[in-house]
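Chain nomenclature is as follows: A, B, C and D, assigned in order of appearance, with residue numbering initiated at 1 for each chain independently.
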Amino acid sequence: MDDLTALEKAYEEIMVQRRCGLRNVLARIENIKDVIEHEKREAGIKDSNPFDTIKSRIKSFESAYDKVERKGYEKSAKGLAEVHDIAGIRIITPYLSDVYDIREILYEQVEKTKPKNTMRIVDENDYIKNPKKNGYRSLHLDVEVKIAATKSAKAEWIPVEVQIRTKAMDLWASIEHKLKYKNPNPSHDTESKLADVAEYLCGFDDMIMLLRDENDEEALGIEDIPGLSLHGDNFKKH
Amino acid sequence: MDDLTALEKAYEEIMVQRRCGLRNVLARIENIKDVIEHEKREAGIKDSNPFDTIKSRIKSFESAYDKVERKGYEKSAKGLAEVHDIAGIRIITPYLSDVYDIREILYEQVEKTKPKNTMRIVDENDYIKNPKKNGYRSLHLDVEVKIAATKSAKAEWIPVEVQIRTKAMDLWASIEHKLKYKNPNPSHDTESKLADVAEYLCGFDDMIMLLRDENDEEALGIEDIPGLSLHGDNFKKH
Amino acid sequence: MDDLTALEKAYEEIMVQRRCGLRNVLARIENIKDVIEHEKREAGIKDSNPFDTIKSRIKSFESAYDKVERKGYEKSAKGLAEVHDIAGIRIITPYLSDVYDIREILYEQVEKTKPKNTMRIVDENDYIKNPKKNGYRSLHLDVEVKIAATKSAKAEWIPVEVQIRTKAMDLWASIEHKLKYKNPNPSHDTESKLADVAEYLCGFDDMIMLLRDENDEEALGIEDIPGLSLHGDNFKKH
Amino acid sequence: MDDLTALEKAYEEIMVQRRCGLRNVLARIENIKDVIEHEKREAGIKDSNPFDTIKSRIKSFESAYDKVERKGYEKSAKGLAEVHDIAGIRIITPYLSDVYDIREILYEQVEKTKPKNTMRIVDENDYIKNPKKNGYRSLHLDVEVKIAATKSAKAEWIPVEVQIRTKAMDLWASIEHKLKYKNPNPSHDTESKLADVAEYLCGFDDMIMLLRDENDEEALGIEDIPGLSLHGDNFKKH
């Protein structure tokens, strides 16, 4: 118990460091989003932004400690620091193709700033091409940024996990989370049905990609119709 | 043009009034959400809240004027005031059954406070049972609240539209919005495919209701497993 | 210790109730703010809104329990429920006169809706006319709203404290808070110097009222100068 | 008029660029704030953070164009780009000494990362030591960050103005803003009275620095008193 308290204290230092990394990557991603929006406006392209929502989190100590146990890491500050997704950014996209477009842009950003780059991508897990057994789908990029997080310390590479997924994948994940919250150890039957649901939503992602392309074709050469405004519904979250 | 400017000015008064109504209904709905969460915690029920997200909007003048034209209302302050969904609240739920649970609670709230009630439900459109041609699904309640919106005026009934829909229905609506933004007059083929997509997502809503019920069965009698924490992912929107 | 846990649990019910009351009063105050802004715009008055900032809080259990101890209330759910400022709203104003203008509007709102009013003002403490010994200044209104906070319960009066103060009074309070945080039991000398600082800021509040009135005189009959825009600085908080 | 429209379009590109710079500097400043808070907690220091509030803004076209006219810059994209405070960050501090502490930290951050630094301070205006005629006080740092703001462009230095001021200086500025809004061309008498008010608030800033130091002395060696909690008031802005 006392060890746990010491560990929790050590975790605070790690959290501060990761939060600094998170802010840095978040600013980069929001900058990319802004620039894309501007370039589309500039070019008169009415396409929607590939970024629907950007979210972020810092793992709580409990959650990080769970991971240390599950992964069999050392129960120490060093073990906690091995958890690479303490800082997480989630990018949610309308279409499946957006996931890979954003991946591309992030790799480009890294290439462009070489050799003095302060961001690098050290690993990638494509859980869309290779979904987890329960049906989980997302593209994970293990990013690192070089910043001086503490006053005394010199700059070091700080890991931030970037998850990219479609709205449909995110919908599945929210349902999975609810079910698991109530029933942490689901039967094989439930797990397999959950995977079926994920598969079903892949069907949706495919359908809307086709529909989008057909719609784009139809829209070609169509002038804006004056008098018809599309102001959106502008609903704001509370 | 000058008439339009005069109308826009008149609309400001209407907006202020509707925004007052909106805040009142929003506070009621957030109170209901809070109370439900508390009661479930109290009873040790791990069920998720039927409210996933609560959003709101006030229609812009352009958007309200469009509606006046489409509906053939008088092009006057009176006509604008006929638009009943200038103030809109959207409640998004995890499961389809939640939509009707929330509907029930809102009717109960009205009943309970009779005859001195300051909220009433004057109309209802169930676009889930009877979807629109393009596939749009949502339950609409036309609510009115009695408040004194302006300093001088005596209290009057102010209309606020409450839309209740599942996350899947909301996902469909976001895609439909994107397609229509690019191609305001879609072909019959596109429209019908869009309706198919909506239907497909109904399949999803049915699947997860079944899955939830099976999962609940399994969870019965299961003790909380110590050491396994389900802290959620805690991602916050930016 | 066990009693404390039971009390903390009981406090949750009280918190939910007070939070419901808080939301209701907050919606009313924000509605008032909106209406005043609209009416000034309408009348072409460039005066600033009497509302600078609106804040709110729910007291934590620790803070409410402290108060129970200090006030000598019963250490029970009943005692906790006696704390009338668990729900608190703070209105911060530019000028001293705004404090009393807002007070007036709140009393009017209560009068206007009689006898069916669902808001009443049950007590008032004018710590501006009679500052606390340490120099604390604010106008406190003990408001109550009648709402059905829980599903089962019938509507009851829920207390919400409304504090109204100028920005200068709020500046003093923030400094006092910092000093007391570091030194919970200040010497008489420190206390008296703190009261002097509060007095000094009263001087400021008087100066700017005079300056405002002179400035208003000068502004009379002055046309808006085209080409000179006053877009403000638009700084947004992070 | 057409020229103005073309200029406004050109300004959009500048805005995107500056907003990217703003996000970058903002992330750095929030990181500094976090690290300081952590280090103080770590060291058991109960001192308050030198950062009270951090705000930011991007100047509107109207506001930037006004400045171009006032400064006599070229009425072109080039002239607009000369405005160095299109992106602005404002740091508000409790005490006067905090202003200079934060200044110090920003210079240190620049030094530490040399010669590969991507942030530099190119100019400084100390309007605290040398207030403007109307009484305006703030410390201004002209910062530049090197980032690739657009997809195609290579990284370039983007200017961001950082203003640091006490809460009292900020209070003065808010009053000045209100008076000028109503009366854009105040008389010499009004201007000089406004400067007097600023001077008066300097007296406040001096008083509270002394009071803080005396309070710190008193607090030395004082143990935390159990049972007395200082949970703050936790008021949140709406």
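General observations
The rule is simple: a contact is a pair of C-beta atoms (placed from the backbone, for glycine too) under 8 Å apart; a residue touches a chain by one contact, two chains touch by 3 or more.
Here the structure is a predicted model, which is why all the values come from computation and not from measurement.
For the pair subunit B and subunit C, there is no chain touching both partners.
Seen from the C-alpha centroid of subunit C, the farthest chain centroid is that of A.
Computed centre separation for the pair subunit A/subunit D is 32 angstrom, with centres defined by C-alpha atoms. In whole angstrom, the spacing between the mean C-alpha positions of subunit A and subunit C is 40.
Centroids of subunit C and subunit D (each the mean of its C-alpha atoms) stand 27 Å apart.
Of all residues in subunit D, those that touch two or more other chains are 26, 30. Under the touch rule stated earlier, the contacting chain pairs are A-B, A-D, B-C, C-D. Listed in rising order, the residues of subunit D touching subunit A in the complex are 12-13, 16, 19-20, 23-24, 26-27, 30-31, 34-36, 38-39, 41-42, 105, 108-109, 112-113, 116, 118, 147-151, 154-155. Every residue of subunit C that touches subunit D in the complex is listed here, in rising order: 26, 30, 46-48, 52-60, 62-63, 66, 69, 88, 90, 94, 167-168, 171, 174-175, 177-187, 189-190, 193-194, 196-197, 200-201, 203-204, 207-208, 211-212, 214-216, 218-219, 222, 225, 227-238.
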